[in-house]
């Protein structure tokens, strides 16, 4: 039995832990051979492989990134892409494929499975916005990095009368903002799921200025004001009519300065949220995902992806992961709102 | 409405986060007053209280320990203890009591509830061995601390031919050893649930010495050898006939040195596993436990404790927490065994 | 003997460690009393004080910020400011004053000393740009925070073809950029002391894209291109004709994207560099500064500030700290350049 | 020009940073070739080499340990050892040798230099006890690890009435205990340089029990009681008549329990102090040592080792490092004593 492995999409702490678990159990327990595909779907598309054995996965558990490399190549958008992959897999004698990735990667996996390829998926997104799993690995690491940064901002907020804004990842879902903001005691948390009222935000900020403590605002990069607010210039809008991604934190700082006459400073965490060594939670989750993914291969249970339900790893249909985005429900946001202001 | 709050048993990162959430929501949303009881059950037993309002809980979210103090005082073992507590609560005008603690603390809470006191429990144990909740807060912090220590041991293990033993907490359940060992890539994990075979452990150690890497063994303080092994002296046995707690790591190091002729070094993490700032996971879990505990008070839903089920907080009967110890199941240990040797 | 203490200027990890050491040794060894002045020079100017005794400094050693608060109030710019301070000190029976702060704070201290006040200074600047001391506390903490962030960026840089820019503090001196960049293996480090050649930077970036690794550029907020480069708009220039502070990182990212056609992403660390718990180096240095400052008071050696020379604490004239800015010398930058590209 | 490099003695964070700097500057600036010797002096003794070029040192800067491996092999204790090394170096065409290590390693280097080999030394000891340099790399990392552990112990010390002992490294010099204890606010610090009075230690412990806080004692592994105290058994004494190394912490805990009737718990940090990624201070120092060591080779300035003096790297005779142990001076210990009790 030869099993191919690939990692697609953006970086995520824990990818190497999945790869290691797949290979260790596959080789040692099931006696499989492995083929590593380089750079996501570009690997099987172009037949670009690297050796993947027990020696290759030694020491990678604590390391961020992916030893296989990644890309956003989408073979369904390449003329004859699916067929080329099937041919390459056949040519390399690959009997089954484990695809580790997010919505896009797993969407391709679902298409390949329909086309007759033996695929098992492992869900991955730092944003935690995939359905059919309680958590995705990488999310806990990102939340801890953001929390530690916000913890540090509290020191300054306590000593100076400044509004401090921390922009975190989350284009379509506010999970990182919600958890990091709740964990670090933010005074306001803004998420894409709920357009914010700038008047209310400014009101929170000004009420904080009356106490000894200055306000800390955590804002997901995809958060945006309610319609008609904050007089946006055309260049600041993206295709969806939202504020251009990656700029909401600074935009908000400017608006708060203008309205309150007090300094507002913005920290943009950016890629540091997805780099570095994974937390224990993510290493354990990723390792267990890997163990159960190779079990699914051993069971011949294809077209599935693994997921976390409570403390158990289960299997769900590949499409379940990609059908709906898991966004922050109203009641979870309401929990955090208790601490606003 | 006046609500009393106490924390019992050993230290656990996240206690302050629970207290803060209870008070913030209680005061701001429900308009309650609070009474803080000092030093666990000793507080209500002796009527020892401290002020507990929004100001008192400011800034405590990231801090380990408990602003209320703790103790192991058990009023059920004190003549007329339950009655004295009832009298003191009545005298202070306390309508409901939130008890945050482990098996012992919640056991007393159950007894008080039977005696007519309005009690809500919040489960706490760094060892994660309480039933009726997927996880307890403090556990994730302990696991990360242990994992980081073991990560550091790998460096030395790679450069010198030594067996390195790391003793972690876990008297009756091996959750910390399992998760930290799995997260940090330990070569052997020894837990109380499964008496170990010293011959097998030595075999793993010796096989590692043949490779470039030296072995790292994670051992829960309550782990012990199979009957008849390691010729224990009487003084080394506790009341259960197990090796005296806190000494298994060094005991194992000595045995490995004796049998392999190679150096073996032991690190005993001890109390550093339960101190310091909580991880994001523990802060969010503790905060949510607090919010839902005060909701239970508001609902008049007494005799319950809050618990985590998947991503949801639910309520279960107080006795559910104390009836059975949640130990590591065979199949979870089997997942880790894939990486042994 | 009554001794006043104040902290002026921006936040800096280690301020509380200084205050604690001053008070502990002053009370326990010399039998002094203390008066805490609130919010920097605003405290003595307005007679705004807080109690400062051994109890007040308990537990503050590991905490960032300052229990005395801070401000940028400059009494030399206030009509009759110096006289009002002298009157307030006399009224409060303050015999000597310990001023902890940067260039501005120590400049005022020098003026007060000339006016007959018994002043001892403790140098503070996160930027490490004060003369007469090898290092200032807070600097080591900032460098470690920046280094850890850059470490994390490496993960992404290894997996994707993106230029990653990390903007760190340093308006007039590039010490944080130099040390953090050298510690974290940056491919280019840009500092205020040496206007950069954007063509050369782009050349480094493009040469990296040819290897497996993408480039990481560390840029001090006060770094700027050589004259005539990067076609700046008027609004982007500050009073010195430099690029507006706080925006150089993003400005550079835009320029690199435009010139290379490859994505460039910017992380702005901002205030997280000056918050949170100090490193061991900073805690020991700050503690020793505090001990030696109160010794200077005891010796009646006023008009001096403490400084680090090798491993020893010495005393220098207050003006020595403020006369010249300590910038990165050419030969130290040359050491880092070995690793560029 | 071919330059050999080796690392001898115990692990130390920063070794890889030295190797990387030596090779990067050697190859890129001076055009040298390199030969890596495996496992300390065993490498040149047995002619055991590995490839050492720019590719080999990529990515090693943040990694603990040493890519060259290490050992305690001492060729001066091997019949004809020095001659065999000379022959092997000649056979491999090695023109100069950079030896990175502690007292023993540099002692051999001095002997080789006398025997006509072109040697440059780089001092290394986690204990910071080498003369002729203000600090050695690895020390700052060890101190921070110990400080973080002690920080965590404070949480428990605040909540429970227990004496907490933390045993840190330091056989002959108490630098780690002094710095970590001072940084983390230990109540007592015990170092090898000053035999402790157990009555005085117990007095501190008991006075703390009267306050809200319990005592934290930091003890270097080589600390020992004054003569005639603590009734040592023969088996507990080493060749110097001191308490056997590695056991002082637990020994002290037992004694305190016996004398005070209060619980005392011991944490033994062991090898976690010398593993893992180096701090910024150690990475910068190690990198600068490497750059200046290869400069010394380029200058033909052999028989020297590099050292830190203030903020400058200088060169001193190899014997200077090994002639006298740098122990904690009385006045530095006196600074810490201010905070005892």
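Some notes on this structure:
Per-chain numbering from 1; labels A, B, C and D assigned in written order.
The rule we apply is simple: a contact is a pair of C-beta atoms (placed from the backbone, for glycine too) under 8 Å apart; a residue touches a chain by one contact, two chains touch by 3 or more.
It should be emphasised that the depicted structure is a prediction, and the values quoted were computed from it without experimental measurement.
Taken together, chain A and chain C share no touching chain. Think of each touching pair as a link: the shortest run of links from chain A to chain D has 2 of them. Centroid to centroid, with C-alpha atoms defining each point, chain B and chain C lie 41 Å apart.
Mean C-alpha positions place chain C and chain D at a centre distance of 30 Å.
Chain geometry summary: the mean Cα position of chain B and that of chain D are 35 Å apart. Multi-chain contact residues of chain B, defined as those touching 2 or more other chains: 151, 154. Of all residues in chain B, only 21, 24-25, 28-29, 58-59, 61-62, 134-135, 140, 143-144, 147, 151, 154, 179-180, 182-185, 213, 277, 279-281, 283-284, 287-288, 291, 309-311, 335, 338-339 touch chain A in the complex they form. Of all the residues in chain C, the ones that touch chain A in their complex are 10-11, 13, 63-66, 69-70, 145, 148-149, 151-156, 158-160, 164, 265-276.
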